[in-house]
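Next up: the structures, one after another.
Shared between the two complexes below is subunit A, which pairs with subunit B and subunit C, respectively.
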Partner chain A sequence: MSSVLKISNLHVSVGETPILRGVNMEIRQGEIHALMGPNGSGKSTLAYALAGHPNYTVTEGSIEIDGVNITEMEADARARLGMFLAFQYPVVIPGVKVADFLRHAVTNVRNPDRKEGEGLIGMREFRKEIRERMTELGMDQEFARRYLNDGFSGGEKKRMEILQLAMLQPKFAILDETDSGLDSDAVRVVSEGIAKLSGPQMGVLIITHHERLLEANPPQYTHVMLGGRIVETGDASLAHDLHANGYAEIRARHPDASADNAKAEAAAV
Partner chain B sequence: MSTDAPVKSEKSEVEIGAYKYGFHDPTENYAFKSRKGLDAQIVRQISEMKKEPAWMTEFRLDSLAIFESRPMPNWGGDMSDLNFQDIFYYMKASQEQGKSWDDVPDDIRKTYDRLGIPEAEKKYLAGVKAQYESEVVYGSLQEDLAKQGVIFTDTDSALQEHPDLFREYFGTVIPPGDNKFAALNSAVWSGGSFIYVPKGVKIEFPLQAYFRINSQNMGQFERTLIIVDEGASVHYVEGCTAPTYSSDSLHSAVVEIIVKRGARCRYTTIQNWSNNVYNLVTKRAMAYGDSLMEWIDGNLGSKLTMKYPAIWLMEPGARGETLSIAFAGEGQHQDAGAKMVHCAPNTSSRIISKSISKKGGRSSYRGLVKVHKDAVNCRSNVVCDALILDPASRSDTYPYIEVEEENVAIEHEASVSKIAEEQLFYLMSRGLSEAEASAMIVTGFIEPLVKELPMEYAVELNKLIELQMEGSVG
Partner chain C sequence: MSSATIDVSRIGFSAEVFEQFLATRNEPEWITAGRRAAFEQYQSLLQSELDPEEFKRVDLRVFNAGKFRPASAKADSTAIETLLSDKTEFGGSIAHVNGQLTHHQLSDEIKAQGVLFGELQSLLTSHRDLLEPHFMKQAVKPDADRFAAWHAAFWTGGTVLYVPRNVEVALPLHSLIAHSRDGVAEFSHTLIILEDGARATLLEETSSATADLAGLHVGCVELIVGKDANLRYVQLQNWNQKSWHFAHQAGCVASNASLQWTVVGLGSKLSHIHQDINLNGRAATAEVNGVTFASDRQKISYYTQQHHRAQGTHSDLLYKEVLRDESRVIWRGMIKVDPAAQQTDGYQRSDALMLSDDARCDSIPGLEIEADDVKCTHGATTGRVDREQIFYCMSRGISRKEAMHMIVEGFFQRVYDRIPVEVVRETLSRTVQGKLGIETVAV
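Moving on to the complex of A and B:
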C-alpha cells in the first residue's frame, strides 16, 4: 500500500505573524508535485513546518502520514517516519565529518526504534553504500571525509543534500529551491539526481522558481501558493504557463490572497 | 573514509546530568585542620607547620597585607557570595607523603583510584603528584629522569631541599602585588608542583599533577613553579576535581613558568571542579629567546572561573601559544582567555579560544595582546569562537589590544556568537535526536582543539564533554 502525506487546513505562524492560512494537499508515494508562488507566499514556511522546525508553530490544522498525526512531533521523529527536507540553505556543521553524521542518520532512520547509545549500522556496508551513491551522483569520494557543508560551494551543498536524500531514502522528500543559486551544470546534476532517486517509493514536493528542475522531473500536480494558501492546482502545463506569464493573472483572480501576499512581501523588505 | 566511533557509542554508568566526581571522603582522621578564616595568626601557623625559613614567613605576611589592602575586582564574575572568613585555609589529610600508592591512606588512595590516576601513571606518565586538600600525598618520578637531574617535587619540599634554586625564581614571574588573588595565594600557598628540567633534557612523557579538594568550604592554594632550562622540554598536565557541596569552596593557584633559550614547555589543564568552586587562578610564563611556551587550558567545571594564562615573550624568537576551551553549563560562569605580552622584536603569539554555553551558562573570552615599544616585527593571531546551545545562555568577548609599536602584524577574528538552533534542526531533520545532535555539534566545534591534544587527553576531554552534554536535554 502506498503511503500518503496529508496536509489539512494547515495554519502556521512564525512568532506572532501568521504565514500559512489553511493549506490543503495530499501527496502519495510515487507522485511528483510542484509548488510555485511569488516571494512571501509561504512556500518555505510550508517546507519547514512539514519538517518540524521549532520556530514554525502550527496554530490550526494537521499533518498526517498514513493517518498518523505528526503535527506535534519533533523533527527527528518525523525523519524516522520517512520525511525529508532538502534545505534551500544547508547548514554548516564544522568539525563533523559527512560520513560520521550520515552513518548516524542512516542508522536512526532505518532502525526507528533504536535507543540512543545503541550500535550503529556496520561500517563496511555503510562505506560501500555511500561510495556507490557518491559515484552515481558524480561526487568525489573525498566528500565523505569533509566537514558537513564546511567550505562547500553552493553546488556542493546542494549535491550533499541529494546524497543525503539518496542515503536516507525517505517516503516523502521536500525540495526547497534545490535549484536556486546554481549554474546550469549544477542544476543538471541535481535534476538528474532527483530523477534517478524518485520513483514509486518516493513522493516528491518540488518548490521552485525555475523550470529546468521540472523538465527532468515532470510533476503530475502543480500547486500555486499565494498569501499563505494554495489558490490553484493544475498539471505540468500550469507550471509551464506560470514560467511564461508570471503571477499577474493569478493575483488578479485571487485578490484576497494577493493582498495578504503583498503584506508579507512588504514585511520581508 | 572516517571510521571514527559514534559520538556516543555507549552509555556511561553515570546518572544523567550528574557530576561524576562529586563524592567525598570522611575528614575526621585528618592530621591537621586550621580553624576557619584568615589572619596573620593563621598565616604564621601555616608557615610554622611547614618549618619554613624566616624569609618565607615574612613573604607570606607581606602578601597578606597586600591582599587585605586590595579591593575585590569589579570586573569579571560575580563574587559577592565569596566570604573569605568562611573558608579553611589549610588542611593536612595525611602525615606523610607516599612514595608508593600503598603508603597513601586508604580513603585517599581509593579516591585517586576512582579518578584513574594510578592506572594512567602506569600507562603513559613520566611522573605524578597527587595533591589532596593542602598537601601533596603522593609523588613519583621515573628513575632515569631523576638521574639526569630532573626535579619534580612538591613546592614545599623544594623550598626545603633546593633552597637556592627555589629562591632564585619563586615570586619573580608573579609577584604578590600582581593582583589580589596572587597576594592571597602568596600568603597561604601550600603544595603545588616544583619542576626543574636541566639544560638539554627532553622529557618524552608528560608529568601529571592531580588536585583534589575533599572538604566543604575548603580553600586550595597550590603554588607551582616550573623552570625549563636552555634547550630542554617538558609537558606538564594538571587535572582537578572536587565533591559537590551546597556551600562554596575556593581554589586560587599561582603558576609561574620560566622557559629559557631554545626550550619548550607545554602546560595542559583539564579543570573539572564541581559547580560550587570559585576558581581564581593566576598563570604566567616568561619565554626567552627562540623558546616555545604553550598553554592548553580546558575549563569545564567550577561555579566561577577567572583565568587568563599569560605569556611574556622576553627575547627575540620567543613564541607563545594558548588554546583555550570553556564549557559553561547551568549556574556556571567561565571568564577565561589569554594574555600575550610582546616585550622583544620578532616574537610571535597565537590564541585560539572556543567556548560553549548551555542551559543558562555564561562564558566570556577576555584576552590581551600587548606589544611594547621597539618590539618590531611581532606577529599575533587571535581567533575566538563561541557556541551557544540555547537562548537562555550567554557568551561575551572582551578582546584588549595595546600596541605601542607600528611595525607589527596583529590579527583578531571573533566569530559572531550564534545560537546553534539551526544546526540542531538540520541534524534532527535527518533523524538524530536532540541529545545526539547537540553532542555532535559540540564535539565538532571543539574538534580543531582536541586534535592538538595528546591522545589520552583528547579522549578524556571528549568524555568530560559528553558527560556535560548528557544533562543538556530535558
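Moving on to the complex of A and C:
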C-alpha cells in the first residue's frame, strides 16, 4: 500500500502576484520525478507551497497525502505526515547544534501525536543512529556538534540537508536544486546519497538544472514547468533532451505559458 | 547642605531616615564615621544631576524612594526559593534576607585554608586591618555617584570572601540576597578579595520571597583580584518584577590575574548596573558575560566600562539580550585605554534579539583610546527572530513554539559557552525556557 502525494489544480500567489496557475501532479512512494523549467517558471514556488511556507498562499486547488487535504496545514504538521523539503538555501540557526536540532525533528516526525514538552527519543539510540547515517554519507562525526549550517560551506549545507533526509525518512522528498552551487565532487556525493536513500518507501521530486543528479537517480517522469503550469510530462529522455537543447522548443509549443513566464522573469529582475 | 532646591524624598533618603537608621546600628565608631562621611557626599550628590551619559535613557521618573525604608534589624526566616543553591555541591553558602544575615556555612576544609567567608559587618570588625583598606576604597568609591554614596551610607549586611595568597578554593561558594517584606530597602554589599595567586568561584543570586512585594536593592560589588589570581564571579539577578535594582559593581585585576565575570538579568521592575572592569596590572585579563532576558514592562540597563590601565591587558565582553513584550534594555559600553596601556586587546559586543514589536533595545558601544599600539573591537547588533528560521525548523516537524525555544536558546548559546561553571549554564538554560511562555509572541 504505497502513499500518494496528489497536487490538484494548484494556484499559488506570493503577496498579490500569482505564480502557480493550476499545477497537477501525482507522486507515489517509490517514484522519482524530475521537475525542470526555465527561471521564473515556478519550480521553487511549488516546493515551498508543498512544504507550507507562510508566504506562499494557495488561492485555488489542493495538496493531499493519501486523501488527507494538507493545503491549510502548517509546515510542522506536513512534516509529521511525511513531507520533506531539501532547501536550495538552507537556513543558519546559530547556537543550535545539529544533533539537538535533529533529535527534536526526529522525535516529532516519528511520534506525530507528541505533545509539546514531552520527552525526546533516547539519547543513546539517537546518537548511534546519527553516527551511522553520517558514516554512510561520508560525513565527519564532528558535524553533529556544530551549530546548524553556521559557517558551513555550500557543499556542507547540502550534505546537511541529505543527512536530515536520511534521519527523517520522509514519504515524499522535494529536492530544490540540491545540486546547485556545488563542485562536481559534491554533486557526486549528494547524488549518491539520494540514490542510497530513495527506494520503495520514498517518492522523490527532484528540481534541477543539472543532469548529474538525474544520472544517479533516473526519473520515471520528467515534468516541464513554464509560466506556473506543467506544460509537458515525459520520461527520462525528456530531461536529457532539455539539457541538450534548452527550452526554446518548449516555449514555442506553449506560447501562452511562455508569455506568463516572460512576465515573471521580467518581474524578478 | 539644604534640601530646598530638590525634593529628595522621591529620589533618596533624608537626614532623618539616616539618623533613624544609625540608631538601629551597633557598630564601631570608625564604621559610623564612614557612614556619616558618605551620607554627606550623598546629600550633595542628590542635589546634582546624574551623569547624562550613563543615565539619560534610564527612566527614573516613576521611582519613589519614599516608598522604601531600611529593614529593621530583625532577621526573617522566610524560606526563599533559589535557582542555584541545591543544584551542585558548594564549599560554603551565605544568605541575607532584607539585609540581615540568615544563614552562613563554610566547610572545615576551606576554613582550614585560612579563607574568610561571612557577613560584612562582623568581618569588618574582626578583621579591620585586612578589609578596611579595600572596603569602598578602590573598586567602588562612595563619591562615584548618588547610588554609590547611598550604599556607602546605608550598607547593611553583605558577603565577604577573602582568600589568602596562593590558596585555591576548589568548590564554588554560594551567596543569596533576598527580600521578604514589602517596602524594604536593602543595601547588601559583596566584597571579594583574592590575594596573589589565589583562586575562587562565587555564585551569587538575588530573589524575592513573593511576586508582589516591592523591594529596593542599592547594591555594591567589589572584586579585588591580586597578581596571578583567578576569580570567577556570577551574579544572577532574579528579583520579582516589583523590585528596583541599582548597583555599582567593579573589578580590579592585578598583573597576570584573570577575572571571569558573568552578569545575569532576569528580574526587577527596573535595574541599572554600573559595571567597571579595571585592568590595573600588566597582562591582566577579564572576560565579561552578560545574559539578559527582559519581559513584560521590565527595564534593564547596563553601563559597562572596560578600563585598560596597564600594558598588555586583555578584556573581552559579550552581552546577549532577549526582549519580549514591552520590555526595554539599554546597554552602554565603553572601552577606555590609558596612554600607558600599550599592546592591549579590548573587545566588546552586545547582541539583542527582539521577540516583539513593542520591545526596545538601545545598544551603544564606545571607545576612548589614548594609546597608539592597541587592538580594540566593538559591535552591537539588534535583530528579530527570523521567519525563515522558524519555517526551517517547522519544515522538520518542530512546532512553532519549540522552534522559538530553540532559536532563543541558540541565541544565548555563544555566551553560555563562555560561562565556566556548568551549573550556571544549566540553570540559565532552564530559567530562560521557563520565562519564554512563547504563545503570546508574535513572529
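Keep this in mind: the second predicted complex is superposed on the first by the 269 of 269 C-alpha atoms of A that agree within 3 Å, B and C clash if a C-alpha of one lies under 4 Å from a C-alpha of the other, contacts with A are read in each partner's own complex, and residues count from 1 in each chain.
Assume contacts are C-beta pairs under 8 Å (C-beta built on N, C-alpha and C of every residue); 3 or more make two chains touch, one makes a residue touch a chain.
Bear in mind that the values here come from a model prediction, so they are computed numbers and not experimental data.
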item: Which of subunit B and subunit C A:267 touches, first, second, both or neither; value: neither
item: Subunit B versus subunit C as contact partner of A:144, first or second or both or neither; value: first
item: Touched partner set for A:105, first subunit B, second subunit C, both or neither; value: both
item: Subunit B versus subunit C as contact partner of A:168, first or second or both or neither; value: both
item: Partner chain in contact with A:130 - subunit B first, subunit C second, else both or neither; value: first
item: Overlapping contact positions on subunit A, where the subunit C interface meets the subunit B interface; value: 51-54, 74-76, 78-80, 84-85, 87, 90-96, 100-102, 104-105, 108-109, 116, 147, 164, 168
item: Contact footprint of subunit B on subunit A as seen in their complex; value: 51-55, 74-76, 78-80, 83-85, 87, 90-97, 99-105, 108-109, 116-117, 119-120, 123, 127, 130-131, 141, 144-145, 147-148, 164, 168
item: List of subunit B residues in touch with subunit A within their complex; value: 1-4, 6-11, 421-423, 425-437, 440-441, 443-448
item: Residue ranges of subunit A touching subunit C (in the complex, touch as defined); value: 51-54, 74-76, 78-80, 84-85, 87, 90-96, 100-102, 104-105, 108-109, 112, 116, 147, 164, 168
item: Of subunit C, residues touching subunit A in the complex; value: 386-389, 391-402, 406-407, 409-414
